[in-house]
Amino acid sequence: MQLESMYQEIILDHYRNPHHKGLREPYEAEVHHVNPTCGDEVTLRVHLEGVGDDAVIADVSYDAMGCSISQASASVMSDLVIGKSVKEAMVIQDEFLELMQSRGQGEPDEDVLEDAVAFAGVSKYPARVKCALLAWMAWKDATARALGEAS
Amino acid sequence: MTLLPEEIKKDFPLLSRTVRGGRPLVYLDSGATSQKPVRVLDAEREFYERHNAAVHRGAHLLAEEATDAFESARSTVASFIGAAPGEIVFTKNATEAINLVAYSLSNAATAGPEAERFKVGPGDEIVVSEMEHHANLVPWQQLCRRTGATLRWFGLTDDGRLDLDDLDELVNERTRLVALTHQSNVLGTIPPIEPIAARARQVGALVLLDAAQSVPHQPVDVTALDVDFLAFSGHKMLGPSGVGVLWGRRELLEAMPPFLTGGSMIEVVRMEGSTFLPPPQRFEAGVPMTAQAVGLAAACDYLTELGMDKVHAHEEALTAYALERLGDIPGVRIIGPTTTEARGGAVSFVVDDLHPHDVGQVLDELGVAVRVGHHCAWPICRRYGIPATTRASFYVYNTLADVDALAEGVRHAQKFFGTV
Amino acid sequence: MTLLPEEIKKDFPLLSRTVRGGRPLVYLDSGATSQKPVRVLDAEREFYERHNAAVHRGAHLLAEEATDAFESARSTVASFIGAAPGEIVFTKNATEAINLVAYSLSNAATAGPEAERFKVGPGDEIVVSEMEHHANLVPWQQLCRRTGATLRWFGLTDDGRLDLDDLDELVNERTRLVALTHQSNVLGTIPPIEPIAARARQVGALVLLDAAQSVPHQPVDVTALDVDFLAFSGHKMLGPSGVGVLWGRRELLEAMPPFLTGGSMIEVVRMEGSTFLPPPQRFEAGVPMTAQAVGLAAACDYLTELGMDKVHAHEEALTAYALERLGDIPGVRIIGPTTTEARGGAVSFVVDDLHPHDVGQVLDELGVAVRVGHHCAWPICRRYGIPATTRASFYVYNTLADVDALAEGVRHAQKFFGTV
Amino acid sequence: MQLESMYQEIILDHYRNPHHKGLREPYEAEVHHVNPTCGDEVTLRVHLEGVGDDAVIADVSYDAMGCSISQASASVMSDLVIGKSVKEAMVIQDEFLELMQSRGQGEPDEDVLEDAVAFAGVSKYPARVKCALLAWMAWKDATARALGEAS
């Protein structure tokens, strides 16, 4: 059974007990993203401290509706990026994106991705890759907007 | 069962394949697209290997044969729904068929006096319902945007039926067209067309049925239905992809301005302006989906031989069994009618504490192909306050054992995620 | 010859059939539609028998495979013309592709600020030519009718070329779009795109090429052509019927309002209104012609293996020979360029005192399939003061012997009707 | 060779020496018909004497551009209908239409159709049937208009 390789315990844990969930103040940017094929939605806020690439991600808060993969991914993502500089977080995002596009062939760097390595199995299922990326894309969009407003 | 699905399955090469590590395929996604019998594939291939040419454009033997094949496909499709061949317009899918009517209405504004009766503008109303597929909703939203007309809609009752309480208010003297699904692809619901069509007649409104889910699954006779337009797709009724149908009452098609323009739909072309052929040619610009029309005719023949009454009865039996088996599972809730009355074989459901994507994933792993999401009818999900559903949909090749596999798969998903 | 047409013929089942009492078929009507190699038919069938499902709509294995097949077909078609996959929109034929752009321009009127730059209205001009196929003429006539814009056109010289004397006057600050054939289906002429596109850039006009006859017959690279849109059909390039392509520059597609609307092209749908996906999905409403896109990709692969340079050289040789053989016949006059310079392989001609229908009939009786009439480009006939022409058009499977059969057939017709 | 069965001598004679060709006065109705697939055109005038079905077709005059079949057909048609009553001519028209739609299976009545029986061979070629019918359809249309105006 391949199910276990997709739904690793880490993913199910984050799904059942999502971290950083709920919309909080303060924030510089809020975005709403949807997955048009299934209707999954996320509203996500970013709060930065500092300017430009060196700004620190002080908080990521979100409200999300969706499957286990999209929920767990939002939780893992916020764990990973909160406290990092935008520059560092973008590296993680790139690495995660690459893993998701690897069609099961990726060799994730656990030092960079931490819990997010658990999503390696998802990359074998093209239709679910969008679920795993939903919150990441929302975060990237919100961060770009927050930086745009700061400049 | 009325049909012998185990026998029928043998006609469908794809259904004998295995998935996900050697599991037999249980295909419960015919609502999205159906599989194709060998006969349809052979008909297309025979056309390409023997008779392929551009239709209505040549005088040589192949062109004659291709034109004959295409026009005889038109006749077959026409008979299948009790229509005359001249009322059948081939399109690429049901979506194009519905857009064709919507654009004809806005094109009427600049198409001269003959098209006057189709003009739509501010103050006019178009009526749809909350259970429409996006294909029968967005084109009307866009028509309203182009013309300034207003979109209105029937709501739904809690048990998945059209709410007709407001019929007389909703369909009124301002109504120009009522566009309704003839069978919901999510709820399975078959709305009562008669009272709506009667009211539309009373106020002089046109009626278009989105028959994408009815023509494949129930006997449909346009002379019995008192409506003006019917749209459906070939790929959902055992036919090839790339072909759909608009049926329209002859006198309406005669008066409607063209939509897509180009070769084969013109009468006389001058640089300064052009005149157009009568229907159906007026609406078939360019080299058409010839082989696909031929394939669709073969699909109609196949279904006619099975008997559409029997097809419907077969699906009713599967639906009844599915409603029962799924209904027995604690935590499962059917979205849509829970009996087979006025209902087709699309069975949507939600499972407590489980997202449809996750249910679908477990089923897929077990070889059971269902669809998850909003099924291109997002407003239904909003209406019932759910993010999405899991949908099983049946066809001639499905068996009771397929339904068992579905029900067992749902239980397996519950166990896997520990929700029971 | 550059290609080995006798070998190639073996890949095309239809070409081995006989016609009119056992005569071998000489197919000289590829300009209308081409025949299909086994590989294309097999690719379609393999898709139906193994991977058929609705694309972009399901999460099960078949849906994944079908989506992969469809998107990889998009990549193949994109490479074939040097484009990016995201710039390829699948349509049902070239005609729909051109209509898509024409309707996007009129839809811009009500589509919000993003689409502002596409708005067309009174005072604006659209420029075409007198050698356009109806598919690249009537949609622009209709656009002008819908919006109040003015249609203008390039005339033709006596030897079948575009008359560019008025270029700077015709394409001016009022010009919004220039829509031109990239290779005439009647005259064979390949117009000089460069100076026209340069002038269009200068005045800020868009350029659309009708590439229905160029992409199948010559190497086409959209990065080399400085244009905005390209439209072509699968069925003319060894692919299935029912599939065509619109290529558009990404930034334009991004800003263009949708045309056909429905499922798979939406982002969010509410009863009150909808938002749309980025291109290419925005322009592909409904279940697409999936198997046909897969077949078209197989056709691209086949042509790529032959080499489009060689395809072009092969046709040039056939055209040169046809111009010579037909030119030798007293009473035969070529309509279009009489040399192979900037010219493709559509050879139209008239025969003194013989109507093209009668010439075509005699040829058909001899097994030679040509097209007679105005070839969906009626204004050309008016321009040259002739009722119609007989047209031979060549492709990869044609031989010099096919040209001989044509020339002998024309002589036979003259004898039969006693005009020589 | 099947060509001879389509292009019978009678047809070729009418083609080379068409009867009643040229537009003449007086006339009650003039129509212009085209064959959109090939561009063949006919302009045709009808001059009736009398009213209703019993009116006599005093003249049919036409100007036509097209193939041998369409030219010969116009010539044969005008030969056949001139001098007949509208009622009689309609019977001939019906008979001819039936023959043309017979796909080579028709058994034409020579007493009714006279020279027009020569078109039997044309009915085997669907693309040419329209050529043979062009002038007949124009005549029918013009006659209906002429009667409409008279009433």
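For clarity, chains are labelled A, B, C and D in written order, and residue numbers in each chain start from 1.
Simple rule for what comes next: a residue touches a chain if its C-beta (ideal position, glycine included) is under 8 Å from a C-beta of that chain, and two chains touch if they have at least 3 such contacts.
Not measured: the values here are computed from a predicted model.
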Counting C-beta pairs in contact, pick out the pair of chains that comes out on top. B-C
Hey, how far is the Cα centre of subunit A from the one of subunit D, in Å? 77
CA centroid of subunit B to CA centroid of subunit D, Å: 45
Using mean CA coordinates as chain centres, what's the subunit C-subunit D distance in Å? 38
Check each residue of subunit B and list the ones that touch at least two other chains. 20, 57-59, 63, 266, 268, 357, 361, 372-373, 378
Where subunit D touches two or more other chains at once, by residue number: 37-38, 125, 128
Answer with line, ring, star, complete or other to describe the graph linking chains that touch. other
Tell me, which pairs of chains are in touch? A-B, A-C, B-C, B-D, C-D
Which of the residues in subunit C come into contact with subunit D in the complex? 20-21, 355-358, 361-362, 365, 372-374, 378, 381, 387-388, 416-417
Name, in rising order, each residue of subunit D that touches subunit B in their complex. 34, 36-38, 125-128
Listed in rising order, subunit B residues that touch subunit C in their complex are 13-14, 17, 19-20, 25, 27, 29, 32-33, 35-36, 41, 44-45, 48-54, 57-63, 92-96, 98-99, 103, 107, 109-111, 130, 133-139, 141-142, 145-146, 151, 153, 233, 235, 240-244, 258, 260-266, 268-271, 273-274, 285-292, 357, 360-361, 363-364, 369-373, 376, 378-379, 382
Please name which positions on subunit B make contact with subunit D in the complex. 56-59, 63-64, 67-68, 266-268, 277
Which of the residues in subunit D end up touching subunit C in this complex? 1-3, 6-7, 12, 37-41, 65-70, 125, 128, 131
